[in-house]
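The structure that follows is given in the form of structure tokens.
Chain IDs A, B, C, D and E follow the sequence of writing; residue 1 opens each chain.
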Amino acid sequence: MTYVKPTQVVENMVQTGAAKASLSIWQMLLRGFIAGAILAYATTLAFTATSQTGLGIVGAIIFPVGFVMIILLGFELVTGSFALIPLAVLEKKATVVQMISNFFWVIVGHVLGCLFYAVLYYATTTNMGHVDDSVLATMIAGIAESKTLSYSALGASGLLLVFIKAILCNWMVTLGAVLPMTTQSTLGKIVAMWLPIMAFFAQGFEHAVVNMFVIPAGMMFGADVTVGDWWLWNQIPVLLGNLVGGFTMTGLFLYLAHLKKGSTLPVTSNEKTAMAAVNAK
Amino acid sequence: MTYVKPTQVVENMVQTGAAKASLSIWQMLLRGFIAGAILAYATTLAFTATSQTGLGIVGAIIFPVGFVMIILLGFELVTGSFALIPLAVLEKKATVVQMISNFFWVIVGHVLGCLFYAVLYYATTTNMGHVDDSVLATMIAGIAESKTLSYSALGASGLLLVFIKAILCNWMVTLGAVLPMTTQSTLGKIVAMWLPIMAFFAQGFEHAVVNMFVIPAGMMFGADVTVGDWWLWNQIPVLLGNLVGGFTMTGLFLYLAHLKKGSTLPVTSNEKTAMAAVNAK
Amino acid sequence: MTYVKPTQVVENMVQTGAAKASLSIWQMLLRGFIAGAILAYATTLAFTATSQTGLGIVGAIIFPVGFVMIILLGFELVTGSFALIPLAVLEKKATVVQMISNFFWVIVGHVLGCLFYAVLYYATTTNMGHVDDSVLATMIAGIAESKTLSYSALGASGLLLVFIKAILCNWMVTLGAVLPMTTQSTLGKIVAMWLPIMAFFAQGFEHAVVNMFVIPAGMMFGADVTVGDWWLWNQIPVLLGNLVGGFTMTGLFLYLAHLKKGSTLPVTSNEKTAMAAVNAK
Amino acid sequence: MTYVKPTQVVENMVQTGAAKASLSIWQMLLRGFIAGAILAYATTLAFTATSQTGLGIVGAIIFPVGFVMIILLGFELVTGSFALIPLAVLEKKATVVQMISNFFWVIVGHVLGCLFYAVLYYATTTNMGHVDDSVLATMIAGIAESKTLSYSALGASGLLLVFIKAILCNWMVTLGAVLPMTTQSTLGKIVAMWLPIMAFFAQGFEHAVVNMFVIPAGMMFGADVTVGDWWLWNQIPVLLGNLVGGFTMTGLFLYLAHLKKGSTLPVTSNEKTAMAAVNAK
Amino acid sequence: MTYVKPTQVVENMVQTGAAKASLSIWQMLLRGFIAGAILAYATTLAFTATSQTGLGIVGAIIFPVGFVMIILLGFELVTGSFALIPLAVLEKKATVVQMISNFFWVIVGHVLGCLFYAVLYYATTTNMGHVDDSVLATMIAGIAESKTLSYSALGASGLLLVFIKAILCNWMVTLGAVLPMTTQSTLGKIVAMWLPIMAFFAQGFEHAVVNMFVIPAGMMFGADVTVGDWWLWNQIPVLLGNLVGGFTMTGLFLYLAHLKKGSTLPVTSNEKTAMAAVNAK
């Protein structure tokens, strides 16, 4: 019997959030760095698949490869944590300061990891700078412009638009962090998390960590985007939208739908502890 | 040994139906809202896949993503319950009033969740109202017209037609709710429920909750459909057809085919209780 | 350890055959009806997939969906039983009369279930009779003619041809009924039974229950086929070929290859009993 | 924990080889006959898939269906045994005479089973001899010529070529017989054996049992090949190459890489016995 | 519960590295030889798939077949060991000399195994030297030139480029060696290791063992590449890049992210020992 019931899933979410909140800065940086780099790797894999087939859906089907590796190996993904640590705070198992600290240091790790991969990928795609019109370079530069300039062209409503797309994205990303908790089987986890990740990527919604790679990489490949454009028209509103979407649509809905109101979570079974401990040292 | 025998499946169906009948209004609304929104999300994912490949079967293969998430996370889907709660009523484990209350409040949740997603999806697809001829907008508007006007053009026989399509749809949807009960493995549940959901979607039958998204979304995208058309020519007959199809073809047939006549279900094994409790708090 | 050894599989075949032989007429009719209808549903799903892609192999890959649902939910499929009940008779665990009774009543159920789906499918495909040249209608009518008239054109050798195709079909269908017995995992069962069902469908061999839907449905869609053509040139020789193929190629070969000669099967393990009981009440 | 370690796999290989060596002639003939016929069935399935898609890789992906059924149901495949029985002889658990007897009788069974299927397949593909230019008939005839005449055209180096292709083939086929021993799960076995079988088929290497069907079937379909061509330029060198490839590349390499030198295998765990007994009565 | 936690995975990595470091030369040569040959086999399989479909992503999806066989059967792959044995050295469970010895002898085995397959593959692809313009021969020759001459054309920066591509490759290959440790299920292992292997191959990064086959094979097929080009512009920098990428990005990151600093690994559970022993005799 590998199936785990929803009420227990919610308890595991709180435990996992608490464990994440208690990581050291060093761990958050390291795990955030490698997670960012792996997600960037999977992004270029997806772009390769889309570019070869001309079908975005093929890229989306292959993209979760990176997410799966991050979750199975216990690295930190801030977008996933957006649904978990706030619940731990709600249940008094973590403090707001711990939560913000986790978000901050993991994001720093993500940015560094994404830039690290972007530099290496730039080198390989351009043959050390000698070729600048490869299909993928052009594709990534175009996406970077689309993910910033198309919003700034709309002004304030562009900010709202990117915010909405970030909500729709991270609702699914956080389900991708929660669904593997419905099973104790590794293969079951892989398949369960695959589904929502594919769902958001296929529809082109906005994921903060993917963008930490795509936009600066696009800038290297010649996109007409400034660092200000990147953060103002994309990175900041996307992080906020990811937080709102992940916390409300996944964290809060599951919490309210499956837990007794007003009660502090009982921590009883070994299983829960084991699951929660996965991402803690 | 993850396989669960049919007789036990039928008992689990009754237990699950009883558990659903005893949910609070708050739970029914919440779980119905998020289930509706997730199903709507999966619908636009399927449309994306179909639109890119030109193959409806590809959209159908990917569509069950949403159903899987709803079932694994214990949300409420009224179309699935159509096969379960009536059995609990038959077995005197729930009252007719409880059943109708569940159907009503979950449907309210579905409508709200679908409208919620429709508004956000409209915003992203039209770039906050600036673009109104995207491929998907046109596709959804066309489907909305097809799902209403093509029936009203046939008059009374159109009502019968949509009713039949709703029976054929929900026969499979309810099998999608029952087949995961044949296994205790989460991955087994995912695969088992995938099959019938793919089967109905590929053939274009009528699913009430999908339509709660597709038709109003189509109206936003410019379909020439009124709220009256939506409910008269589609939503009401589809809900009735879904109820008839789900209850008779799945609920009643399994009940009659595998259970002793006249007996009240014995509730003995822990396993049954555990399975039944999945969707209850 | 989910793997079940061949010798035990053969014992399970005998037990399952015996259990099937002892069903009530009511159960055989009900389970046969719903199985026929589900198989017909899967057939139109496969035709949809083939029609959209122009590839018969795609339809074949998706067709087993129906077979899986029938087996997991313990419904009756006479073509599968052709390999099981005769073994129970051989082992004196069922009588010839019981066997013939099972075949007869389940076939009656299949015919009724297939006709039931054919009528509903006709209604939806023709928009209640208003459209008669849809792609699928034309396809099904053509298949119905091919499955009858092309044999009658050959005379006696046509009867032999359809008989051979029925043998080749049901050899695999019965392996589809036996292979899930090699595992105790539901997912394992799904995959194991998928393989032979796909194998026969892809090669266009003749399956009695599929034909109980395809031919009358084709007649509704305008195929130039009489009820006499249907039964004389297809249904009767196909049932006989299915029986011969299923009993000899699967039932008898497995029995002779893996069991001690002359011995009555010992019934010892709980597991066997559990497996055998799956299809019994 | 379904994973089985390599050292234990090697021990299982020896046990299984010993069990195969002790089968009765009747069992070897029966199990060889049905295995040959199933492999032939899977071959025409693969040709169907390749013919429809124009892609050999699609046929290769679907071809292992037959191998899986043979292994799960404990039938005899001489090409698989080439890696197993010689190890049992090495370990003094079987005699050379037993080994040769197994090879001989199973091959006789294969030839009969393949011819049986070839005759039935010829009947269905040619509509009882009335059609002789179907796509598949032409394809199979062409393959039969290619698998004989293209080698004879090269003379002695053609014999070496077909011998090398047979080595490359059966290295993978025997891995297909060994890899399912790395797991106790039936689904795991299915997937594990799928991989090497697909790998050899996709690259067109020479498999003795497949050829026992393809070449005589091609002759029926009009290939300009004699029985002498079949055996001299293909069947005999392929059997020898399969034996050399299977025994050395899989049997001997695994034996030398994972077992203590000079030691007779200890037989201790129940598990090993159970696994080894799978193919024995 | 098949899932294994990251901290335990890291401990298994160290144990496995230690076990690999203590193999005999004979075992390292044998296991390296067969692993090299299997990887070469999978490479030509992937090229076949890519050649037929015109899509590199299809080749990448099928390529992991070889890696899976190597890992499940406990053969030695030096690129995988690059992340494991250095950790064992760090933890004082192996010496630097043992590590270098393992790398050396396994590489010798790889080169011999790859050349062995290259010769046989050359024979079959050219019909014993009679055909030298087959699609695959031309493709492989072109790749061999691209993997050497395109770097030498860039001079020193070409060396840096191939070094970077080797880092990006082996980061994933080593994740392919580590991810199967996250589960005790064989099927789970297969799927988990599939993902990163597919990810690197699809993007054309540089894998030392693949190149030990592709470049000499390409030379046989007429590539204008010398042995000096092969080793100077590819093999040596790729081995170094693979070592750096595998050790730092996978070995060190996992070690630092999940283990207590300064502590020697405790060896407690039987499970760990069992897992670590997989690759040892």
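Quick note on the criterion: a residue touches a chain if its C-beta (ideal position, glycine included) is under 8 Å from a C-beta of that chain, and two chains touch if they have at least 3 such contacts.
Note that the structure is predicted; figures quoted are calculated from it, not measured.
Looking at which positions face the partner, chain C and chain D present mostly different ones, since fewer than half of the interface numbers are shared.
Centroid to centroid, with C-alpha atoms defining each point, chain B and chain E lie 47 Å apart. Rounded to a whole number, the gap between the C-alpha centres of chain D and chain E is 29 angstrom.
Residue positions 2, 185, 187 of chain E each touch two or more of the other chains.
Chain-to-chain contact here is organised cyclically: the chains close a single ring, every chain touching exactly two others. Within the complex formed with chain E, the chain D residues making contact are 1-7, 9, 55-57, 150, 154, 157-158, 160-161, 164-165, 167-168, 171-172, 175, 178-179, 182-183, 185, 187-188, 191-192, 195-196, 198-199, 202-203, 205, 249, 253-254, 256-260. In the complex of the two chains, the chain B residues touching chain A come out as 2, 26-27, 30-31, 33-34, 37, 41-42, 44-45, 48-49, 52-53, 58, 62, 65-66, 68-69, 72-75, 120-121, 123-124, 127-128, 130, 184-187, 189-190, 271, 274, 277-279, 281.
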